[in-house]
C-alpha cells in the first residue's frame, strides 16, 4: 500500500485514463492528497487481511540465542533490558509479534539487576521455566516461578533482580506495537539500582497478601482500579482451576469451553475484567487427543506452549509444537489446536498453553467479532 | 408520626391558631392531605434518627429457643423455614433487625429438608458453628461449615437438607424489611422435595469449582453478573486473608483498616463489587486489646461475634459480647468495638466479627455518608 | 402485620398448638424474636400487595385548600415551605403518596420567599399552571412556567421567590418516604433570605445556557454527574418531542410507546439516564379516543393530568380525570388510561399526563419487573 | 525504524562490538528476532514523537481538485465514493491525516448517488458549505447543510444522493488508519441504488424526530447505545450553545473553556459520551483577538476552519488559516490558535473551528494525557 499501483481502468468504479486524469493525480500528489477510489480495497477489505503472518518460534533456538546474549550483552541503563523480541515476518523487520502485541524472551544472569523504569506500555511476564528472579513493582518484590503470570500495569515503576546462582529466562508481553501505532508512549527512568529493602526475596509479594484470596477484598482499598492490583497469578491456582473445570465436565456439568478444553482468564479482583486495559491473558488446557474447533477472531494472539505437545493450524500453516514454543495468530486467521494423543513420559497428560491477545482493545471500542466452527 | 401532635404555634414557622386554621386542617384531613410544616422535623431531620434501637441478642438464648423450636415446629411447605428473626425493639414488633435488614437463626434437625422456593429477596447464610447441612441453590449442593459465608442472589431456587446426625443452626440474612418497604417482593414455590441427585453431599459445590480461584474466571462464562456466581466463601480463605493483612501491618506495610483491625469484604469475582445488590458482607478481626475508632455511617448493620470476646458501644449502649452474640447498629449511631485484652484459653487471640449492612443500597443511590473519629 | 394473629394450626406448615408451643412463643417475645413461619405470607407474598391504595385527588379541591393556606399559614424558617402533601389512605395518615414517593402542592404568595435549605432528599417541581416564581438552585435563578419540569438533585441549596403580583401553585415531588424508610436523611438550613443578585428574574437559568442544547455538552464540564446539571426542562421541548413522535407514527415509522401513545423520559444530558438517582419522570400524551393497554409494574407512580380529560383505571378503581388531577398507582396494580374521545373546546386534542415513579431504585438494585397486556 | 542503524557501542547500555556479537545479531535475523536494546529509543520514547507532521491544507486548492474530479471520476460500485483524502507528509504516502484519523473531501454532482455500503469504520460528515445532499443511514434520509455534523456509527448501511442542481462538497472523517493498524475492518456492499422512498428529501431525519430534544428521550427506546442514535447535529443548536457560553462569560459566570474560547462536544443523547466509540468531535469558537493557551495532548486531531480567520501554531509551524482550511495536530505537539483581531466584512466576528480527535481511544484504554500552559 505504500506504493499503490493505480487500479486498472477496467477495475470496478475506476475512471478512464486520460491526460486530464493524469494531471488530476499529479495535482493530488502536489497537495498531499490521495483518492479513496484507488485505495479502498486495501483500506476497507471485506474482512481483516493481516499483514502479519502465522509464524512459530522454537523455544530451543530462542533460549540458545538468549544464553549467548547473556554473555555478550550487558544489562543496564540505556539498553534497559536483555530482551529479544519476536519479529513477525510480515511486519517489515519490526520487532512486533503482531500489529498490536510485543513478545520477547528476557534473560537475566545471576546477580544481575535490570534497572528501574516506567512506561505507559502495559506489560506482563510469564514463566515457562526456572525461578530465582524477583520483579520489583512499585517497591513490592514479586518472586517469579514456573507457571506464574505477572501483570504490570502501565506507568508502574519496575525493576528485576536475579537472586539465584543460575540464569533465568521468561517471556515479556507488552502493547508496544499498539502504542507505537497510536503514539501514546511516555517513558521515565527510575533509580539505577534498587535499595536493599527492595532486593529482599520474600516468597510472596505484598500484593498477594492483599489480593490473592478468592472473592475477598481488603476493606481498606475501596473502589475499582483501572488495572489489576494483584501482581502475580500463581501456577498452583491456575492448575487447580483447570483441573476443576475438567472434573466438572467429567461429572456431566458445564464449565469447560468445549469438550476436553478447559480455559481460564486472568482478571482483576477489583473488577472481574481483564488484568490490563489493552491485553487479555488466558491459560488453556487441551486434553490428550482433543482437537479444538476452528475459530476466527478479529484481533491477534500470541501463544506459548507451557506443557505437552501437539499440532497447531493457523490459516494455511500447520506446525508441531512442544514446551516453550511460541506462535502467533493474526487477525481473522482460523486457529485449531490438537493435543498429542499419546504423550511422552514427561508430559502431564494434556497440552497446556498460555495465550495473550489484544481483545480488550477490540471490546472497549465495539470492534470485537468472532466466528466459530468451520471457518469461511 | 402516625398521630402527629400539631406543633405549638410558637414553634418556628408555625401559623397562629384560629378557627379558620382548624377548619383548614379539617379540610386537609377530609381530602387526604397533610401539611409539610407540621411534619418537617420528623420527615427531614438534620441527620438520621433511627427508629431502630441499638440492641444485642445473646447467642445462648437464641440457640436455646431454636432447639426448643426444633422439637415443636415442623419444617415444611407453608411455614417454609424454621427461622426465628431478630425483632428490633424500636420497630413495633416487626421481625426486622433494622429498617432494611432481616437476621434470623435457622435450625434444621437431622434428616430434615427445608422445601425449595425462590424469592426476589436477596439472602445469605453465615455459619457460626456446626456442619452437616447442604444448601442446594439452583441444583448445586453447597456444604455449610463453621466460618463459611453463603450468598444467595434473589430469585435463585434454593432448599436445604441436613445430612448429619445432629441438628445444625446458622444465621440467615435478607433484605426482607427493605423489600417490604418498597414493595418489590415476588415469591414462588419450587419442588416439595429435592431429587436424589441434589441430596448428594459433595465436599465442594460446582460454583466453587468454577469461581473459587483467585483472579481467574472460566472463559466459558463471559460478562459481569448482577450478583455473585460463587455460592460459598470458605472460612480458610477469610482467615488467611485477615492473617495476611495483619502480617503486612506487622512488617510496616499498609493493608489493615486501622491499626490492629483487619477487614475483608466478600465480593463477586465477576465484578469485584458487593456479593448482593442490596447487602454488603464483611469480616473484621480486631487484635487483642485494640479499640476501633468511633464511626458513624448512614445505613444500618448487623454483627455476629464469630470468635473472641470484647465490648461494643453503639450510641448510648455498651455490651459485653462473646461468640455467637448478635447486635445491631442503627443508621448514624456511632460504633466502637474493643477486643478483650486477655483472652480465654479457647480464643484464637482476636475478636472476629461477621458484619452485614445495607450499604450497597446507599451507594447505588448516592446516599452513602460516614464520619470517622470522635462522633458529633 | 403489627399485631399478627398467629396462623391457625391447620394453616399450611404451622405447628400444633400446645402449652409448650405457647411457652416457646412467650420466650420469643421476651427475647425480642419473631418466628418466620407465622409471618411469611405477609413478608414474602407471591407478588407485591401494596399497603397503598389507588387514589385520586381533585386539583380543584387541592388548589382551594392551598389558597386558604396562603392566607393563614406563613412561609418562613422552621416550617420552610407552604406545601400540602398527598396522604395515601392506605398509609396510616402519613403524608406519603406511595410507600416511596412524596407529592405535594406548594403555594407562594406575591413577594414571598421560601427560605434556603438543602437536604439529601431528591426533589423536583412540575408546573401545571401559572408563572412568576423563580426557584434558586445553588445560586442559579430558574423561572418556572406551565409545563416546565425542574429537577433538583439531593443536597443542592435551594430557595424560591415569587416575583409576580399573583400567587403561584405547583407540584413538588420528592423521595421523602423512601429516605424515611431507609433512614438516610440529612438536612441543613441555608441563608434566611436570598441576596439581591439571586432575586433577579432572568428568562433562562445559567444551567440552560450550558446544558439545554440537544446532543451538545460544554467541553469545560467533563465527566458524568450523579444527577442532572440541567435545572429546567421547558414545556416547548417536551411538547415538540411528543408531537414529533406522533408525526413519525402518522408516517408509518416507529417511535411511540404504543399506537396513539407518545412518551418521553426526562434524562440527564451527562448520562442519558434518569434525572435523579431515585426518581424517574416522564410525560405521556394519549391521543383522543385511545386507551392504553393494561400494565403492571413493580414500584409505584404518581400522575398529574396536564391537559385534556379521560378516565383512568387502577386495580379495582376507575375515575374521571381532568386538568390538574393527581392519582397514584401502587406497586403491581394494573393501570390503564383512556383519553376522552371528544374533547372540550379548551382541550389541545389529547390527554397529556406528567408521571413520576421510583423506577430508578428498582432498576439500580435489580428489582424491576413489569408485565404488559391483560393483567393477571 | 524499518532499517534501524545499530546504535554505536558507546551509546548507553550497548554491547561492545565483536565477531561474536555480529554472529549473535545474524542469529537473531535468521530466527526472526530483534533485540530491544538497539530499538528502545524509537519504541519507548520519553513522550510521543509523532511520525505525522503538522500540516495545513488549503480549502481552495482542495475544492478545486474535487471539482475537477467531479468531471473526471465516476461515482459507483467499486470506487464507492468520490473522496480525496489528506495524506500527512510524514506518513509515507498513505492517505492518513494522522496515524489514527482519516479526513477527506467528498464531492457529489447533481443527481448522483453514492452506492450503499457498510463498514466497521466509524464515520461522520461535516459540512463547511452548501446543501442539497441527503445521506441515507439505515433507510433514514438526513439532509446535510452548512454547519451540520452527521455522525455515522460503524456497520450502519449508508448511501448519499444529491437532490440539488449544483454539486456539493463536504468533509468525511473516519477511523480508517486506526482500524488498518489493529486490523479490525469488515466491509459489505448494500444495494446499488436506493429505492424511491429513501430518495425522498425530508427537512428533518427520523432520528431527529426522536432524539433531537434536549434532555428528553423516547420511552420506547430504552437502554444506552454504543454509538449515538442521533444522525444529525444541526448548526443552529451548535451556534446557540456557543453563543450561550459566551453570554455566561460576559455575565461573569463560568462556562467557557478559557476566556474568549467557547467549546461544545457532540455527544450521544443516550449516554452523554462521545458520539462514536473511536472519534470525538467538538466545535470551538474563539473570540476576535483571543489566543488560546498552548496545550499538548497525547493523541491527534484534525481541525477545519468553519468561519473567520486567524493563525495557528502547531509545534514549529505557524500558518494563517481561513474558511475551509484544514490542519492536523500530531500527538503531543503543542497547539495554539489566535483569532484575527480585526475581521473582514463577511466574518461573524469570531474564529469558528470544527475539530475531531482520537481521544475516545486514549480514554477507553487509560492512555489520555495532556498538559496545559507553556509546553515543555
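We just call them A, B, C and D in the order they show up, numbering each chain from 1.
Basically, a contact is a pair of C-beta atoms (placed from the backbone, for glycine too) under 8 Å apart; a residue touches a chain by one contact, two chains touch by 3 or more.
By chain, with names taken from UniProt: A, B, C, D = Cupin domain-containing protein.
This is a predicted model, so every value here is computed, not measured.
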item: Averaged-CA centre spacing for the pair chain D and chain B, given as whole angstrom; value: 53
item: Distance from chain B to chain A - Cα centre to Cα centre, in angstrom; value: 43
item: Inter-centroid spacing, chain C versus chain B (mean Cα positions, whole Å); value: 31
item: Contact graph of the chains (line, ring, star, complete, other); value: ring
item: Chain-chain contacts as defined at top; value: A-B, A-D, B-C, C-D
item: Chain B-facing residues of chain C, complex; value: 1-3, 11-15, 18, 20-21, 24, 27-28, 31-40, 43-52, 55, 57-58, 61-62, 65, 68-69, 72-74, 76-89, 92-95, 99-100, 104, 119-121, 154, 176, 178-188, 226-227, 277-278, 298-300, 330-332, 358, 360-362, 364-367, 369
item: List of chain C residues in touch with chain D within their complex; value: 206, 208-220, 224, 228, 230, 233, 237-238, 240-241, 244-245, 247-248, 253-257, 263-272, 275, 282, 284
